[in-house]
Amino acid sequence: MLRKTASALAACAISALLIAAAPSAPAATGSAAPPSLTIVSSLPRTGSANSQTTSIVNGIKMAIEERGGKIGEFEIRYEDMDDASPQKGNWDQNIEAANANKAAKDPTCVGYIGTYNSGAAKIAMPILNKAGLVMVSPGNTYPGLTKPGAGEANEPKIYRPSGTISYFRVVPTDDIQGAVACEFCAKDLGSKKAFILHDRELYGKGIADVFKKSAPGMGIEVAGFEGIDPKASNYRSLVTKIRSTGADVVFYGGTTQTNAAQILKDLRSGGCKVPFVTPDGTFENAYIEAAGKDAMAPESGSVYITFGGLPSEQLTGRGAEFVERYKKKHGEVPEAYAVYGYEACKVLLDAIDRAATKNDRAAVLAAVAATKDFQGALGTWSFDANGDTTNRLMSINTVKDGKFAFVKAAGGGTGQAK
Amino acid sequence: MLRAAAAADQLAILALARADSLPAFASDGVLSSSEVFSQQLVTGLSNGMIIALIAIGYTMVYGIVELINFAHGDLCMLGAFFALTAVGAFALEGAGGAGGTAGLVALLLATAAFCGALNWSINRLAYRPLRSASKLSLLVSAIGASFVLVNLGLFWGGLPMEVFAGGTSAAAPKAFPALVEPKPAFTVGDVIVSRPDVLVLAVTVPLMLALTWLVRFTKLGKAMRAVAQNPTAASLMGIDVERVIGATFFIGGALGGFATVVYSIYNQTVGFQMGYRMGMDAFIAAVLGGIGNLPGAVLGGLVIGVVRAMSDGYVEARWTNAIVFGLLILILVFRPSGLLGAKLREKV
Amino acid sequence: MAAARRNPWVPVAGLAALAAWPLVEPALPASLQVGEPLTEVFIYAILALGLNVLTGFTGLLNLGVAAFAAIGAYAYSIATCEVYPFQLGFWPALAVTGAIGALAGFALGAPTLRVRGDYLAIVTLGFGEIVKDVLVNLDAITKGTQGINPLPPPSLLGTPLEARGQYWLYLGFVVATFVGVRALERSRVGRAWISIREDELASRAMGIRPDRAKMLAFATCAALAALSGALLVSRLSSSGEPSNYGFEVSIIALCIVIVGGIGSVRGTLLGAFVMVGMNSIVLVRLTEVLGSGAEGMAAAAPAADAGMLAHAWHFVRTWAHNVLLTPTNWKFLLFGLALVLMMVFRPQGILPPRAVHEDPPQPVPPGSEGVRA
Amino acid sequence: MSAILEVKDVTMRFGGLVANERVSLSVRPGEIFAVIGPNGAGKTTLFNAITGIYEPTEGDVLFEGRPIRREWTAADRIRGLAVGAVSAVAAVLALNATALWTAAINDRYVMGEPFPWGGALGSVPATLRDAGFWTTWFAAIAAFAVGRLAFGAIWRAQRRTPDLVARAGIARTFQNIRLFGEMNLVENVLVGMDQHFRSGYWACLVRTPGFRRERERMRRRAFELLQFVDLADEAAEPARSLPYGHQRRLEIARALATKPRLILLDEPAAGMNPAESADLMKLIRRIRESGITVVLIEHDMKVVMGISDRIAVLQYGKKIAEGTPEAIRNDPVCVAAYLGTEELG
């Protein structure tokens, strides 16, 4: 009896595998199909970052649709890879490596959009670089990936074993954003004493570190600098600590997933009404929804969010067009991340076009690197020598009536933010 | 790039920011050191009491089937989603006064029933077929059940309801309305004892008393203790062991249901991944007190709550987890069966 | 009873198939190529074989085996990476890693010898959390969440190995681990472990010293886990971040041991294929299929109109759009369900251990009656 | 003749329950000594007290004139101090890890340049001096105390463990059979022989020639022991599949495998039919002939009276009589104790 069930189970598993194998088979064997190029994205699709990555993927798909799914004679195929595992509910180094290797081996693949997490980029970058496959990230903000001297001494050289730069990103880096946030606290909020929190992750701690470094120069005293436990149920004891220091602003380097809303709620219910400033990891509706009406109400104290670009409703030109189309298709205003995905894919498609539409990774790579004065949804920008966007425009936002409201632009279009 | 039209509006926002950045706190005081200590103690005890409430349900099930029930925290998580759905469906938010209190009591009872029934069903489907198998197989089954529950929580968060913000970002944490407003119930100096703190106490203590009564004096309680000691002997004495186990799962789950409502009101957040920490804290509390020991679980919960608060307040938040676990290991080195656990004597 | 012997050619054939796989794979259609995950299987297999020594043989439930892997991964990273002055080669670093791992095993095992059963389970779980937190918090040493990179690739006789070479090298490690653990199992060491699992008191009364045996089990488990961690990071060329060695990894390793058959070395090996395969291959493929189906469903859904039924239909559709139609949202469920079903239908695991390890000596020397003489 | 086993005024108390009260026994080398008494008289408890499973509440157990107990030797004192010292060093290193590492490595290492190994340790004293009292001296003293206390706690719990008793030369069987059910017979016996193996961990891991020779030798000896108790035919069976009487004999073989000088048999004839009991009596005599002293608990009076040299009678935890089978049979107190339950002989 038991044997029977076991073998039945095994049969089920095998047939599931076969079914799973089926749909991709024709693409590999069919010779009559039109020539195609593949763009893949590798983002954490399982678990807590799912809503952001969904909007990125929506953006990518829109960019491809705009081109009619074709460039020249080539059909553009898109594969949405997941670099998260269900057990972790977050990106997994093994899966990211597997994704990168799979893309590197696929002869039709000419572009890799990803990753979302900078840590994952560190794994994928050398693999893709060796394969000469261009990588455009819609989400990595760790400066060391591209900027010499910003991270470890051997960064970013180690991510470029082949010697050429094959990694580009359409988002401004943490060092710019952290400084902008600090400047805003000092100049606009008139803060004198800041309590800095971070989630101990690459992104959150990176920004908090920059904030801390910039603070003395802006006349802000650092009342405290603490890494929190992003899985804690509440932060009331920390709030008590913050209250006892008399800080007049709280900066949290973290994301919605690492409990930014919970900190805000505990601050407010603990009677602490100082402004609460967070980076773009919280620039999504989920943050407002997670925090709830009371914590976001103006009488509880103000809330600010920095963002590496302009919010959707402030976009003009192509950006505004994108927002319109997105609204029409999905029935909602796109989240901030959608634009990044859209822009990353658009720049890639543009490069494929300029590379005379060939299945040639080197040509595509060269074309991406040569991107100059690109008229995208995020404005007009170029890739600099490191592979970073020259777009340094930041915005400061707040929350008003349950919606993000633009406060001011900061950072400047081309100037150095520091 | 800027739209000039919005500029005035923005300046107004900034002016508002400057204005309210000054009065940092209602009574405008920077806490004195003794007040900080008292405030941390209040926080620690409240959090500890919630942990204790989850831990008793956990330790009850452990006592009877010796299962490290990994799904317990995730069960509580689903309970929180159930409660949030109920809050949305019956518009419990903002119903003040007697109606609000009645609503709250109804919510507590309904969630308890839901969690109890769910726990009973999980036992039926995932644990009962494994009664004669090794404990480790049971453990893996519990791990599997916990994954399933987490996924159900994710689905639940995607329901297109207003309380779930339309469900568009299912994975994001959801705000749980402050059914008991986080206003001070009373203050001592600058130390706040908030209304949710009082709620925690008001739910936890009666439940613990009721549970003690149940285990000590009712027929079911006696049967539960008999099954915990020796299932074979209990069944020879005419006790329907499976029914008793099922009842224990129901009661353990129901306690989790009460706990999760209190937890949600206290923290005002629910999310599909919150079960991990809830279950983990309950597990630590139960072990610290001596697994299967009800007063032990309460003591363990309180200890953990207070240690967490003190560590956050006086050491550094980033070391809190390590300190809690380090303390646990240290206690177990000296007292291998927990604080109140009986010394195991093997029958030879 | 002799019928219980398994066919000795099965493992040989399996090994041959695995060894030949990299040569065969490129010839297969793309949909049947597995690639990367197989090397991951090997790494998990070593981790799980180590855990099997502690949990399977000795009966000590360890919920924090990933901590040893983390220690190994970071020891290897610090020993080899160019941002530190040590810069050992692949093999010396592996030796150092194994030693540090064993030491960590002693450090955890020694003070907790008196802690039994589920109390020990939470001690190990806590150890796992502590190690992870320490690795994040001591960022001056470990680079915190930045990770340490680049790490030198595995090498053999001074030649760095590329993907295929790594595959074979790692396969070699799995075989060596398998043989070693088997050898231990069938010696006095393994017998002592198993006797402790079966009945600690009786084995004590027979003169076995459980403390020593448990310490050896802890050290063996920790050293193997550390080795798996080192192999993992040297393949990825980066230590990754500490959260990559969290509770989930411990849980997968435990599931491998139990699903494979507690205490069974072969079962553990098979379990690694089943679990990692399910995770990295079946779930991925399954979500691909579901994905194509889901798009079709979304397109086929009719528009909403008035009325109660339509309202409900709209509700369900929106819900489906929000979560249900995204196949990756089903991964937890499928994984968990598979675990429960496997346990319910085969609680003893896929390949439970054989009772018989030692055969009696065949030629019986005559006239051996006077035993005590 | 001096006694091989001397139980002196042993009292075992569990909370309010007194299982043994001032029991004294004296077993001579080479004799077969039986302990009898009604159920609940405290016989098994006495065995457990002798073999180190329980620690006597009061009284003492001497084996060959000496107590079997770890003494707090100079080596233990050094070990305790060493554990304390290691904890102290570990605590100080852990608490100052960042500062120490930064001073020794990060501040001195420039990538691409050779690392000045010489001065790396030189930075340690200065770093610790800067660290201040709490993370150095205080931490060291506190960690030393905790480490030393933990060592003491573990040592105390292990003063007289069953493995120490077994290695000293006392083997036993269990009333409620405790074989290793998943192992076969040969392996069960091999577990008993464990202390006589000489190959260590590494030899087992790489299967050295010495290991293989020893393994062969030990397996043969295990098989001989199985022949000795008449179980050779079932040598490859898993222990749990044996019939009850055979399991009892296997327990005896396993106990003999430890090469004891004294063997304690807890109800060896329980559940045996008369023919099996008779075989058992022969077996016990053969054990004694091989030079091993036998102490047994038994309810089967035929067995007891048939093979015992001397008998002690326990009732309600107290010894009420001791003497030859002849004397016990005629002792009115003993007869009274057994009245209504069993007839003596």
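As written, the chain order gives the labels A, B, C and D, with residue 1 at the start of each chain.
Heads up, the rule we're going with is that contacts are C-beta pairs under 8 Å (C-beta built on N, C-alpha and C of every residue); 3 or more make two chains touch, one makes a residue touch a chain.
Since this is a predicted model, take the numbers as computed values, not measurements.
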{"item": "Touch-network distance, chain B to chain C, counted in steps", "value": "1"}
{"item": "Chain whose mean Cα position lies farthest from chain C", "value": "D"}
{"item": "Innermost chain by mean C-alpha position", "value": "C"}
{"item": "Comparison of B-D and A-B by number of C-beta pairs in contact, larger one", "value": "A-B"}
{"item": "Distance between chain centroids, defined by C-alpha means - chain B, chain D (Å)", "value": "44"}
{"item": "Intercentroid distance (Cα basis), chain C paired with chain A, Å", "value": "31"}
{"item": "Where chain A and chain D are represented by their mean Cα positions, the distance between them in whole Å", "value": "62"}
{"item": "Shared-contact residues (touching 2 or more other chains) in chain D", "value": "53, 111, 150, 153, 174"}
{"item": "Residues within chain B bordering two or more other chains", "value": "147, 150, 168, 170, 276, 318, 321, 333, 346, 348"}
{"item": "Contacts with two or more other chains, residues of chain C listed in rising order", "value": "82-83, 111, 114, 136-137, 201, 251, 329, 331-332, 335, 341-342"}
{"item": "Partner chain D, residues of chain B touching it in the complex", "value": "330, 333-334, 345-346, 348"}
{"item": "Complex contact set, residues of chain B against chain C", "value": "62, 66, 68, 125-126, 129-130, 133-134, 136-141, 143-152, 154-155, 157-160, 166-168, 170, 276, 283-284, 287, 291, 318-319, 321-322, 325-326, 328-329, 332-333, 336-338, 344, 346, 348"}
{"item": "Touch list for chain D against partner chain C, complex", "value": "51, 53, 97-98, 101-102, 105-106, 109, 111, 115, 117, 150, 153-154, 157-158, 161-163, 165-167, 171-172, 174, 178-187, 190-192, 194-195, 197, 199, 201, 204-207, 211, 215-216, 219-220, 223-228, 232, 235-238, 254-258, 289-292"}
{"item": "Chain A - residues contacting chain C, complex", "value": "2, 5-6, 9, 13, 16-17, 19-25, 27-29, 45-46, 50, 54, 80, 82, 84-90, 92-95, 97-98, 101-102, 105, 119, 122-123, 126, 142, 144, 151-154, 158, 161, 200-202, 205, 227"}
{"item": "Contacting residues of chain B [partner chain A, same complex]", "value": "1-3, 6, 9-10, 13-14, 16-18, 20-26, 30-31, 33, 36, 39-40, 43-44, 46-47, 50, 147, 150, 165, 168-178, 182, 184, 192, 194, 196, 263, 266-269, 271, 273-274, 276-278, 281, 308-310, 312-313, 316-318, 320-321"}
